[in-house]
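Paired with subunit B in one complex and with subunit C in the other, subunit A is shared by the two complexes that follow.
On to the complex of A and B.
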């Protein structure tokens, strides 16, 4: 059974003069235990808003989110608290999410308190958690400013693990780290997953990181998923022109100057004024009349993944068979 | 060919409450006219401080010492305030990661572009406005005449960086220093901005120093690269040499820790233990030694000099051994 089930999730923000911004506009996906779903897209695509809705930091305007089989809409008081023990978040900048006046040990202990671990057991558990994320137990008495960026991110992970969650949303969790440190944290996240069967929602704009971290990948554009499939489907043979352009734009070490070609002009339009039809059509090199008028829905395409594009080829017959 | 910019043994120290901290420790390089040099490094490598020292942008807390920083043979560190004002913007321009740090948020875009033209080229107001429209259109700002009256905040991040580049290009500088110019931008916009810098350099013959943590970005833009670590250049070479056949263990590890976009992936990424050294304490010997898989006793004792493009005891010895072997083989074959 899936640990995360998201169905037609919509999140709206009201702006002045009655303008409603559809930050997330009908997004559906599932995550199985032990699985990592990558959510990629450019700034403003709504990927962080999806995570916030899953944690009930933002209330959805519609759709359904089930975590561990439970609909999280309408949870209050004790049941909301219980739900938050199932799902945790690790943010981009651990310096913002760690209390600078609190020692590392106390920060991690707070999570144990939330989980209801008896006082006598807590110091031992704090030590275990720190060791599990690769920090010496002696770090418990240090303050965040005494730690490097990578070490602080390890503390955030230890704190998230403290409540023994089933799902962790990593929102650009390695993006601010130095390249040489990023690999350590990515490996750590994988080790923890293999040990515990945790599910991750892994949000990143960095596609090479995404390719390493995710089992399945969803690409977001202007509040909607435009493509979702296994890592090999999406990276190996992307079907949506936006995914194709996005992957082509990633500068790879060793690629020559000639390899860098601008496939996409302009920038994503404002979600307050989305284009008609396919939201990508004003930037799409392939756009035809139908793209300007009719919004394409996600459908199975050649290769097996889902893509929302009128022009992407349908699967060959043998692929369509179950 | 004479170098446009010649940097010899640049040293930058910062006075801190805990004593002096040396951020840049003897960096030397030169840039030819029209050349594109990349400087790659992580946080604390000294790459940005190097750039700011060259542009004379560091405050009084910094002490800059160098054998020489020469721009077309003139001593940049000896420039008077007046000379500096005439040189910056006109001869050498800089673009930052956050364009808001080079654009004044309270001044309309049009005025910021025309100001540079009038100051450095003595252009009259009307011509400057016309030229500003041209410049903004060239960098892809739609509806440029109308946008002259807008403030920086009303532009997207990508558009602001275009404006910053337009201003940098306005006086056809001979040198552009771009410090992480695309780091804050989305990947599709990043490609557009790099293209814009391409055009600027090929049309104006501007030399570029591109500073970045991203070996991919540097790879698709630069001719030559310096890899910096803990305030020093640890490896230098053409982009093909650095990416295709890195010799310094740090460069190798850095490249190895970037997940590839094609082909099979390892279960675990090769990673470098620990983190880059931060300001302050620095042990004797090679700064990378404590993280280096190849480190030997000598690495903890003596800081290796940059010889033949690499600052590493082990790599230098390997190269020497290989060369001796090659010579021996050649002699044998010759016999």
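On to the complex of A and C.
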């Protein structure tokens, strides 16, 4: 059974003059235990909002989110606190996600306190957690400003692991780190996953990180998924022109550039005033009349992944035909 | 201020020996070391201790009865006696000993400065954090109450309240506290509004930590520098407000002495008897300065990111 099931999730923000921004507008996906789902897209595409809605930092406007088989909408008080132990997040900014006035040990210990670990066992468990994320136990008495960015992200991971969650959302968790440290943290996340069967929702705008970290990849554009499939499907043969454009923009050493190269022009449109039809049509080099009027739904395309594009070819029948 | 929350560490006896574990003794030792490096703070704290001792021991230290008019306290022409001789700091126009009045006045002024301001700080912090953290209806109600209180001229409001309750030291303390908490509450509310959006607060909340613990452990420590600054400045303004109230006649009832009252009395005679103004004035300045410098030291001591002072 899937640990995370998201169905038609919608998150709206109301702005002045009655304008509603549909930051997330009907997103569905699942994550299996031990799996990493990558969520990629440009800034403002709603990736972080998805994670925040899953953690109930932001309340969804509609749709259904089940974590560990439980609908999280409407959880209050003690049951909300209990749910929070199921899912944790590692945040983007290593400089703001740890309390600068609290020692590392106390920060990690707070997770154990929440989980109800007896006081006598906590110092030992803090040491174990720090060692598990590759930090010396002596770091417990240090303050965050004495640590590097990579070390702080390790502390964030230790804190998240402290409540023994089933899912961790990594919201651009390695984007602020330099490349060598990034690889270390990604490897650490993988090791932890192998040990404990954690599921990750891995959010990044960086496709090369995604290629390394994710088992399955979902591409978001303007609050909606435009393509979702296994890493090999999406990276090997992207079906949506937006995915193709994103991949064409990534400098990948040794990878052969696709013959059909799509370039993106302009900025993504404002989610307050999304275009009619396919949200991508104003920037799409292949756009046709149908794209301007009818919004494409996610459907199985050639290669097996789901993509939301009128023009991507259907699977099987065409393939089977001589 | 708020009582320190229970420490995360288990009691010493149940914990395996850990040389790196912090303890109260270490904290005190650190405070002592930093105090030795910070001469102004060291002097300030000594001054504050002496002031409190002087106020407590006023009956033993005062050479004369502060309330009594001495015949020898006035010259033949009925003018106050200059400092020196029997009256070390001279006498006032009523022939009372200035030094004795200063010592007894310290009781009143320090009580008002510390208690009124302490009450205002506690209420201001609690209310400000509540309004800022929870927002919504609580914030609206609290903000409108502070608006109403702040919209009155301070002195007029004090006079109105005290003419209802009657002048006494206790009422002066309560009235000053009633007005001053609004200023701190406003500032704290604004700081909490931005603090609660910080990622570490979100991270703590998603961990499942309760609101009270977040406020005490993650919000309050970041407010300490501002609280210390405003609380130490507030000591001065509370003492001065009391002096204005005394001047109007609704402060601490005469003939009891307070520094503010003595300054106001002395203003009228500063050309013929400048010591009447200088003696309480210097005391007030020294007190306020000592509170501020000691406050600065305390703020740095409590900030783990502050560089060690050389």
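Everything that follows uses one rule, which is that the second predicted complex is superposed on the first by the 305 of 322 C-alpha atoms of A that agree within 3 Å, B and C clash if a C-alpha of one lies under 4 Å from a C-alpha of the other, contacts with A are read in each partner's own complex, and residues count from 1 in each chain.
The rule is simple: a contact is a pair of C-beta atoms (placed from the backbone, for glycine too) under 8 Å apart; a residue touches a chain by one contact, two chains touch by 3 or more.
As the structure is a computational prediction, the values presented were derived from the model and not from experiment.
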Report task. Tell me which partner A:278 touches in the superposition: subunit B (first), subunit C (second), both or neither. Result -> neither
Report task. Return first, second, both or neither, reflecting whether A:104 touches subunit B, subunit C, both chains, or no partner chain. Result -> neither
Query raised in the report: Counting only touches as set out at the top, which of subunit B and subunit C does A:81 meet: first, second, both, neither?
Result: second
Report task. Answer with first, second, both or neither: which of subunit B and subunit C does A:53 touch in the superposed model? Result -> neither
Requested in this report: Identify the partner contact of A:209: answer first if only subunit B is touched, second if only subunit C is, both if each is, neither if none is.
Outcome: first
Query raised in the report: Taking the superposition as given, does A:122 touch the first partner, subunit B, the second, subunit C, both, or neither?
Result: second
**Report entry** subunit A residues touching subunit C - in the complex, by the definition given at the top
**Finding:** 55-57, 81-82, 84-85, 87-89, 91-93, 96-103, 106, 109-111, 113-114, 119-120, 122-123, 138, 140-141, 143, 145, 156, 159, 162-163
Query - Contact footprint of subunit B on subunit A as seen in their complex - result: 42-43, 148-151, 178-184, 186-187, 190, 205, 207-209, 211-212, 235, 245-247, 249-257, 259-265, 267-268
**Report entry** Residues on subunit C engaged by subunit A in the complex (per definition of touch)
**Finding:** 8-10, 14-16, 18, 20-22, 198-200, 202-210, 217-218, 221-222, 303-305
Report task. Over in the complex, which subunit B residues touch subunit A? Could you list them? Result -> 42-43, 156-159, 186-192, 194-195, 198, 213-217, 219-221, 243-244, 253-255, 257-262, 265, 267-273, 275-276, 278, 291
